[in-house]
Amino acid sequence: MTRAKSQRNAPETRYASNWVAAWRRFRRSGLAMFGLVYFIIILFVAVMAPVISPYPYDRVDYGITLQLPTWQHLLGTDYLGRDMLTRLMWGARPMLLVGILTGAVGMVIGVPLGILAGYLGGAFDWFIQRLVDLFSALPWYLLVLYLVMVLSPSVWNLILALSVSSWVGSCRLVRGLTFSAREYDFVEAARALGIPTRQILARHVLPQIAPLLLWGFATSIPGSVFAEAGLSFLGIGIRPPIPSWGQMLGQAGQYWMYYWHVFLFPSLCIVISVLAFQGLADGLRQAIDVNVNV
Amino acid sequence: MSTRLVGLDFNGDPYPAGCESYRILEDGLTWEFKLRKELTFTDGSPVTAQDWEWTMKRAMGSGYDYAWYYSDIKNASKVSGGQLPAEELGIKAVDDFTLQISTELPTPYLPSVMCWFLVMSKKAYETAGEMYELDPKTFNGSGPWTLVKLDRATGCEWEVNKKYKGVRTVYFEKCHEGPLAGGLAAYMAGETIFYSVGAGTPPGEQAFINTSPILRAETHPVAPYLTDYFGFNTLPGKFAPLDNPDVRLAMCKAIDKATIVAQVGKGFALPAWGMLPKGFPGNNDDVLKELEPNKFDPEAAKQLLSKAGYADGKGFPEFEFWCRGSVSAYAEAVQAAWKDNLGIKVTLKGADYSGFTEQAFGQKAAPIYWVAYQLDYFDPATFLNIWRDGGRHPCEMPEWTAQYNAANSIMDPVKRFEAVKKAEIALVDSTVFFGMDSPFSYTMFPCNLAGPGAMPNRNGFSMGTGGGSVIEAYQHLHWSNSICRDALKGK
Amino acid sequence: MLNYVLRRFLGILIMLLLLSFVTFVLSRTVPGGPFGKVEVPMGKKQLELFKAKYGLDKPILEQYVTWLGQAVRLDFGVPFTAPEMTVTGLIFKLLPYSALLGFLACVFSLTVGIILGMIAAAHQNSWLDNAIVTYSIVVGSIPAFVLGFVVVYVFAAKLAILPAGGWGGPKYLVLPVFAYGFPAIGGVARWTRQCMVDTISSDYVRTAYAKGLVRSQVMSKHVLRNALIPMVTSFLPMFPGMMTGSMFIEMVFGLPGLGKQFVLSSTNRDYPMVLGITVFWALLLSVTYFITDILYGVIDPRVRITQKSS
Amino acid sequence: MSPLLQVRNLEVAFFTKDGVVRAVNGISYSLEEGDTLGIVGESGCGKSVSCMAMLRLIPEPPGRIMGGQVLFDGIDLVRMKRDDLHTIRGGKIAVIFQDPMASLNPVMNIGEQVAEAITVNLGYSHRQALHRTVELLTRVGIPQAEDRVKDYPHQFSGGMRQRVMIAMAISCQPKLLIADEPTTSLDVTVQAQIVDLVQSLQRELGMAVIWITHDLGVIARLARHVNVMYAGFIIETGPAKDIFKHPHHPYTIGLLGSVPKPDVLGTQTLVYIDGAPPDMLQLAEGCSFYPRCPYHTEQCLKERPDLVSVGDNHGAACWNVAAVQARLAAGPATAGAASGRA
């Protein structure tokens, strides 16, 4: 069949659907792909940690404390002789848990408030603004001290402590988006047709800003990973013997000058994870940008 | 900045500092201090017995957070407890230069206790108010230094008080207190005069110091005078089964103290078999070492636990293991030992200093707690007094307190030490606490630094060069012309 | 315009009120008290005397009302740990140290960041552009305390050319400023690049070229002036954010400053100090956001009109 | 006297991530002083890019001039370095853009923006330039010009802004004005005013004007000569009268056929050219219009047609010009590529 034929009836198939086009744009950024692949790997490692880790994470072996990487212990051992590789694998769990759940809790609280504030405006918006200012000015260190001293130390309390400030971010983002979404013609049209506000918000405004919420959620993850590492570093985060990267880093504080492995591997994990999530977020933003030219 | 009633010399023995001499009266309860007549405040007024008496009485009567330390003085706990007015306190100025302090029980170590008793100027307090010591204009101290500048950001500055006629010889003109750069590099560059090498110093740096002859020569051992330990809350019924001695004994025997201290302390800590660190007066390690709680025997521990009804840790409640400050590596090691040897699970909880003191000690809310105690004077009483009933620990041991008070008030030193050693044995056997380690370290100071503070004392420790929180550290030192440091700079 | 300003200040006042109440209650309910940092807890009677002296024995609400009464007259009381000074006195004593550190760090990260951003924008889609963008993402993902350790290890310990901490001449500031400013460079560079790229590809820049302007004239009079608006609105709040002190940097390098003072006050339960610093930080931040909005109006005429009407 | 502007085989391409877009594939035309040339074609056929490329106003990465010459007053603009073109832009060749809303600097008042062109090209002092600006603004029909000088672009309507653009363009009496679809984003009534304004200014200043548009009505009224472009090629060129009366290239026929005639409105179904615009990434070897051309033959597929003369200064790039004319003579209804659909 000559080229002419193929060219004649080829035009229709090339306009791919929205999501495939978004995927093609997402794929174009190398960092985004790295982020996606890394996320899948880390998720697998976190879930399968008990199975694939060479040693139990809390097995203490005094014979080999602070040993540099060897064949039995690929990444060496820490100051109590526990295997670093195992602890890093287990450390992925709190990182993911805190990273994702803090963002999720933040969204669950922040999104509805943000939409209502953005859409209704007036007194309600003014009140939400004051609430947002209040929460973002709260003394973070005192708050964490309080939560740790009063509540028993656990991952869930850590998430609670972090989401106190994370909802502010998503609320601000959503409020901004709703402000611009409110001006769109189809929203005005819906209002003109007398559709109740609740329905407009749910069926018109939310789907319109949903893609960008996804991006906002992805960008909040690096922030939460940092915070978890910071808290554990200050000694008020995840409780031993459950390992977390920030906690391992904190304890490495005394030995890092000469036992580089105790310091290097956890910080490497944190840096790579944050890099991956930021890449993921940027990729999402690129993919979404064309659909919703906000 | 101010003068102590009694000083401690570099061997840890008390010597008359603020006073000329002191003696015990016949009743065995009252001590008489003859004060130095020539001692004056910065404003030239003499330091009188009334000043000493007023200082103690004012303190004990008005929200003083160290009131417990002077509980040996007659009526001290009643005055600080508010049952008696300050007047009733066992301290009296007989005349301008004679001070009498009477105690509840015969207290042979009272002079050592008085090394923390610093005099304040009654006149300055009444004229310039409570904060007279914080302002250079109204500062009126009785020590060799006067305050020149107090700057909350960059530290404060002191100058030698020309009119000081006290016992302490001072070689420095000025002294600036403030944040300084740390690190071996700063020490070698001469920016800092002291550098301490301890458990935290990485082996690489230690190797570096050992290889350089000059640095090795400048390294001096510092006496271990602090004991890390964890204790159980044995109040009946509060945290059952911790009030059951068998359970506590099982938990003690499940811990291999020697190995843990060797590994975690990395050669900078000695196992603490009791409360008194090695080399401290009254230390009784050889006997305490053989006591049941200190003997590591996991099998016997398992049997004891199952005898108490918790075979393999089944049914044993999960207690919180509080640590003062951040979670310590020793606590993690103990947690691992209990899990491996007894199947008991504990969760570690780091609580900041002030919160820990109030909740763990004040409200006795901590089932198991990890804490340390540092000496205040060189006498066994400093470590053992805190175990008496009514102290900070969440436990009541009336019989032990009676036995200890009896032992502690024997005036004859030899007999007293024998009785106190028995009391410490009883304390360890009671498994109310489990001594873990006494960390010690080395302090480094340039070899051209000399003076009594730099010479090793009879136990071989140089007490005046850092770490001597009790003794007037950093004094009694002066530069001597020695060329050893130039070689270092040249290297 | 006045109505907009009034509404904004009312908002700030109410926020400060809410914030002070929450912090007040929070600091009182954290276990442990100003008397707590001792080996043995104080006896009951001594405790009562201590609390009475500092007015801590009254119910929380009453204490708050008395505190507020004084605070309104800008008297924030006396810090427990520095009784010879007032809270405001101590804050303003420590502020210059934090401000200097924060200011230098800000200047450092902004200059480097903006230069990188401009280079990336000028050579858009070139290898240089990608290198700078990837570098800034990587820099952004290094936590501050990790960087602090590495910087101290390399410069102070290994090369021993810079002091690891303490406060003295200018060379004491080099490492802290670097550790404090470095992470922010990534964000600054990426945002500058974004603003510049959006402006360069806009139609009015094409018109400027079409008018016969030379590249440098176009860059300075048209590109920069338009790119400045989004840059200023996001970079200006950086200054108060960083100049009010950083806990990590001041602790790691042992520098005096508000950040470290806040941590110490919290652990010492120095209530007046904790409240003073928190309110001070909140006030400073909200005033700066307000100034940024006003500045936004000055730079961008479109906003200025809407502000007059709203 | 040599023509004011001579374009010879101009080629422009864009190197994007998805491949090389060949926007302009060797076009040639010339323009006399004071003359008016119309360039017409679907969007994406390269009509704007060709003019913008002449003044190097396209972003250099990814865009690039692949070849050809552009002689203006004897100077070859392609040879010049991009940064030296500022001597030509504004002073000798001026441009009006399509979207007035975005073409003015939002943070600079319009007086300053117009005066800037004058000071840069004619070296006036700022005060003189402002004075000249007020004159210009009045000339282009902006009321109370003295007061409006300090206003900002967002305080003007679309039409008014386009007038400001025109004032800016003519401020230095350029020899050539390129109007890149200036009326497309304006409503009809304002369009007519803008067209009249440009026409009167052209006569007054003796400027040559290149009208780029897809609005055949504007071309019919203004242009003396017309180039019809498709997929980066000039497929038909000639005097406006001839093009409108005797279109030879099937695309031009289709184009003219799809213009609704007022007199037969309502009786005829609207006609349109079948198929989709060409994919600029894959340039066809033969004639790019092949897929949509009812007269295509085997030859059209393999060889690309050159411009064939079909009349006085009137050429069309098509192999079967004669066959097309024959079909046309037979009957208008079936002529051209336009095929009506029920």
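Think of it as A, B, C and D in the order they're written, each chain with its own count starting at 1.
As a working rule, a contact is a pair of C-beta atoms (placed from the backbone, for glycine too) under 8 Å apart; a residue touches a chain by one contact, two chains touch by 3 or more.
Computed from a prediction, not measured in an experiment: that's the story for all the values here.
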{"item": "Of C-D and B-C, whichever chain pair has more C-beta contact pairs", "value": "B-C"}
{"item": "Greatest separation from subunit C - chain, by CA centre", "value": "D"}
{"item": "Middle chain, criterion being Cα centroid separation", "value": "C"}
{"item": "Rounded Å distance between subunit A and subunit D, as computed from the means of their C-alpha atoms", "value": "50"}
{"item": "Subunit B-subunit D separation of Cα centroids, rounded to whole Å", "value": "92"}
{"item": "Cα-centroid distance, subunit B relative to subunit C, in whole angstrom", "value": "40"}
{"item": "Of all residues in subunit B, the ones touching two or more other chains", "value": "351-352, 355, 359"}
{"item": "Contacts with two or more other chains, residues of subunit A listed in rising order", "value": "145, 149, 257"}
{"item": "Residues within subunit C bordering two or more other chains", "value": "30-32, 157"}
{"item": "Subunit B-facing residues of subunit A, complex", "value": "58-60, 62, 65, 79-81, 145, 148-149, 152-153, 234-236, 239-241, 250-251, 254-255, 257-259"}
{"item": "Contacting residues of subunit C [partner subunit A, same complex]", "value": "11-12, 14-15, 18-19, 22-23, 26-27, 29-32, 134, 137-138, 140-143, 145-146, 149, 153, 157, 247-248, 262-263, 266, 274, 277-278, 281-282, 285-286"}
{"item": "Footprint of subunit B on subunit C - complex, ascending", "value": "30-53, 82-85, 90, 93-94, 97, 156-157, 160, 163-168, 172, 254-256, 267-269"}
{"item": "Subunit C partner contacts - residues on subunit D that touch it in the complex", "value": "55, 57, 59, 61-62, 83, 86-91, 94-95, 97, 99, 102-108, 116-117, 120-121, 152, 154-155, 165, 168, 172"}
{"item": "Of subunit C, residues touching subunit D in the complex", "value": "124-126, 201-204, 206-215, 217, 221-222, 225-226, 229, 299-302, 305"}
